[in-house]
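Per-chain residue numbering starts at 1, and chain names A, B, C, D, E and F are given in the order in which the chains are listed.
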Amino acid sequence: MSEDVPVILVIEDEEAIQSLVEDALTEGGFEPAIAASGEEAVTLLQGRTGNYRALVTDISLRGKIDGWEVAQQAREIDPQFPIVYMSGASAGDWASKGVPNSIMLAKPFAPAQLVTAISNLLNTGTPTA
Amino acid sequence: MSEDVPVILVIEDEEAIQSLVEDALTEGGFEPAIAASGEEAVTLLQGRTGNYRALVTDISLRGKIDGWEVAQQAREIDPQFPIVYMSGASAGDWASKGVPNSIMLAKPFAPAQLVTAISNLLNTGTPTA
Amino acid sequence: MSEDVPVILVIEDEEAIQSLVEDALTEGGFEPAIAASGEEAVTLLQGRTGNYRALVTDISLRGKIDGWEVAQQAREIDPQFPIVYMSGASAGDWASKGVPNSIMLAKPFAPAQLVTAISNLLNTGTPTA
Amino acid sequence: MSEDVPVILVIEDEEAIQSLVEDALTEGGFEPAIAASGEEAVTLLQGRTGNYRALVTDISLRGKIDGWEVAQQAREIDPQFPIVYMSGASAGDWASKGVPNSIMLAKPFAPAQLVTAISNLLNTGTPTA
Amino acid sequence: MSEDVPVILVIEDEEAIQSLVEDALTEGGFEPAIAASGEEAVTLLQGRTGNYRALVTDISLRGKIDGWEVAQQAREIDPQFPIVYMSGASAGDWASKGVPNSIMLAKPFAPAQLVTAISNLLNTGTPTA
Amino acid sequence: MSEDVPVILVIEDEEAIQSLVEDALTEGGFEPAIAASGEEAVTLLQGRTGNYRALVTDISLRGKIDGWEVAQQAREIDPQFPIVYMSGASAGDWASKGVPNSIMLAKPFAPAQLVTAISNLLNTGTPTA
């Protein structure tokens, strides 16, 4: 893990989307770190939140906890932690299940949308909702 | 229920706060409608969401569901429904348990904060987070 | 016209609403100045925009120009001029006919909503949409 | 028209700018769809708004309606439709002729500004003005 | 100092304005605490920042440090501390001398503007600039 | 200096970061103009602010004035001038020493964050804090 590049924790089962996300982040100058499940992501965040600068997560995950739950736990660990959700079917649930100051990317989305979403959440002084 | 005044649904067990909330809303020109529990509030919203313009809720409620849960259900009924939470001990949980575009009033708060919070959420064109 | 109180230009034909607006502004510490029609409002703004700090206008007016048109002309005179619309039937047209950075108050609204809307638009450093 | 890429409707007569816009959108992961005039754009949006995710339009167009008018009609069809204007001479008119929650790109602008503008408007949870 | 009312620290030499500020805060449900100079305000904030919820300050003060300097020191003590400036002549300097996420009230301002400014800064989830 | 590309004034002593900034801006479609010191940047801005569209500055500079001071002077010349700060050690001082409506990029940051920050500040209609 490089010291000079912001590392973004990514949870995405679907290979095509995972690839798109990794490429988009890398091209934007971020370093993607893939977690295999929500449980693994939470474990990684508990151990060293400071090493990750943001979470990008799909909603339906293969483990027992879904993306909504992962984001909640990430925010319990760090109340300011930047969260980006990606979803097709569940995008409409963001208003009831998302955390404040997070961003939902409704699939299909362009790589630029992901990079802009993360950049806005990381840049001190840019408001989000 | 007057037709010409925006009605605000309020869930607050503690009498002193309920009084403060009712007075603040009335003085601001709103009509408070008190629900005795989260369950009652959800029932009222299901029946006629259109009659209520916003929800103001304490976090710890005497029924089985707390303020976080009521807000989630209100947003499932209407994804744009304005939500204001009030809390002392639980204010710090807003980042993990609140819904997007809601406002948390940390107790003690001034009546003007409540009125401003609701006004901002109701006024089309005013962003909130 | 007092020198020490922000003057708000108001265009509202309906007497009941005009009264509510005048009372709300006065109680908030503003001085309402009533214009009888959109045409008169534009003339007043052309002559001395600096004397008025914001425009509050109904959509359907008795003259030849409606509230959308008055707001457009006010913004041609001063691109930063704060605008608050009030409407029942036409509130839904705000997204296509309103000017940027304005606020639409859908009737019925509470006096506090009007005062908060104007305050937000006047306060340097408070973003609006 | 691919199903997995957000399609952006573009109206731009000037070839150099059209080229820049197409390249910027494609590189950002969007699919540009060029309309020859404002009239054609409105027809396309009426038929299938859902297929287009945003409108990017120049102000001076070769048909009878200009960019301001196209944006107004797009918002009548869909009040939430994301709008990005591009202009040199007319950028200053945005405050009086633009629709709420739109973005004006004053020429000359960098491709990154266009991609960021569209991404912000598409990303649920990012406020704009 | 009441435990149940948010206390706002106020620095204002001019008696007429100090009176207006005290009345506006009290009516909004806040408790004003007057500091005689910028130096005294900084001392009070160092000792017990937690007791004060926001700072309202004039720019020209009778001591050695002005309002810009007091706000900077308040933010060094607490980087999130809410700041509202009031000024006539110096309002235009806010863009170069103000701190981020503060609000400037240009004199003359209405009491409602002050109360709305403070409420917005205190209400978690309301963005400011 | 091209007429058709937005020129961004950059002050950065550290060669590795300067390179990253130049590459990021160029790839985003901006033209970077490097100033050797804060003093030189201020001189350039005084002479022809209109030619530069934004300032990107490190905090610790080799001259007598640091990045905070350069930004203040830029805002005295043009109160709306877009400012992006970059810093490692001093990022935490943004809340007390930064100017309103500026963005702080905490090092290490990704190139996409810089490009998004500048784009947001330049795009009329995108709020920042």
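Before moving on, here are some points about what is shown:
The criterion applied here is as follows: a residue touches a chain if its C-beta (ideal position, glycine included) is under 8 Å from a C-beta of that chain, and two chains touch if they have at least 3 such contacts.
Quick caveat, the model's predicted, so the values are computed rather than measured.
Overlaying subunit A on subunit E by C-alpha atoms takes a rotation of 180 degrees, rounded in steps of 5.
Of the pairs listed in E-F, A-B or B-E, the one whose interface repeats that of D-F, with over half of its contact pairs matching by residue number, is B-E.
The greatest centre-to-centre distance from subunit B, using averaged C-alpha positions, is reached by F.
Centroid to centroid, with C-alpha atoms defining each point, subunit A and subunit F lie 28 Å apart. Our note on geometry: subunit D versus subunit E, Cα centroid distance of 42 Å, whole angstroms.
The residues of subunit B that reach two or more other chains are 94, 98, 100-102, 115-116, 120, 125, 127-129, listed in rising order. Listed in rising order, the residues of subunit D touching subunit C in the complex are 72-73, 75-76, 79-80, 92-102, 127-129. Of all the residues in subunit B, the ones that touch subunit C in their complex are 3-6, 28-30, 115-116, 118-120, 122-127. Residue ranges of subunit D in contact with subunit F, taken from their complex: 24, 91, 94, 98, 101-106, 108-113, 115-117, 120, 127-129.
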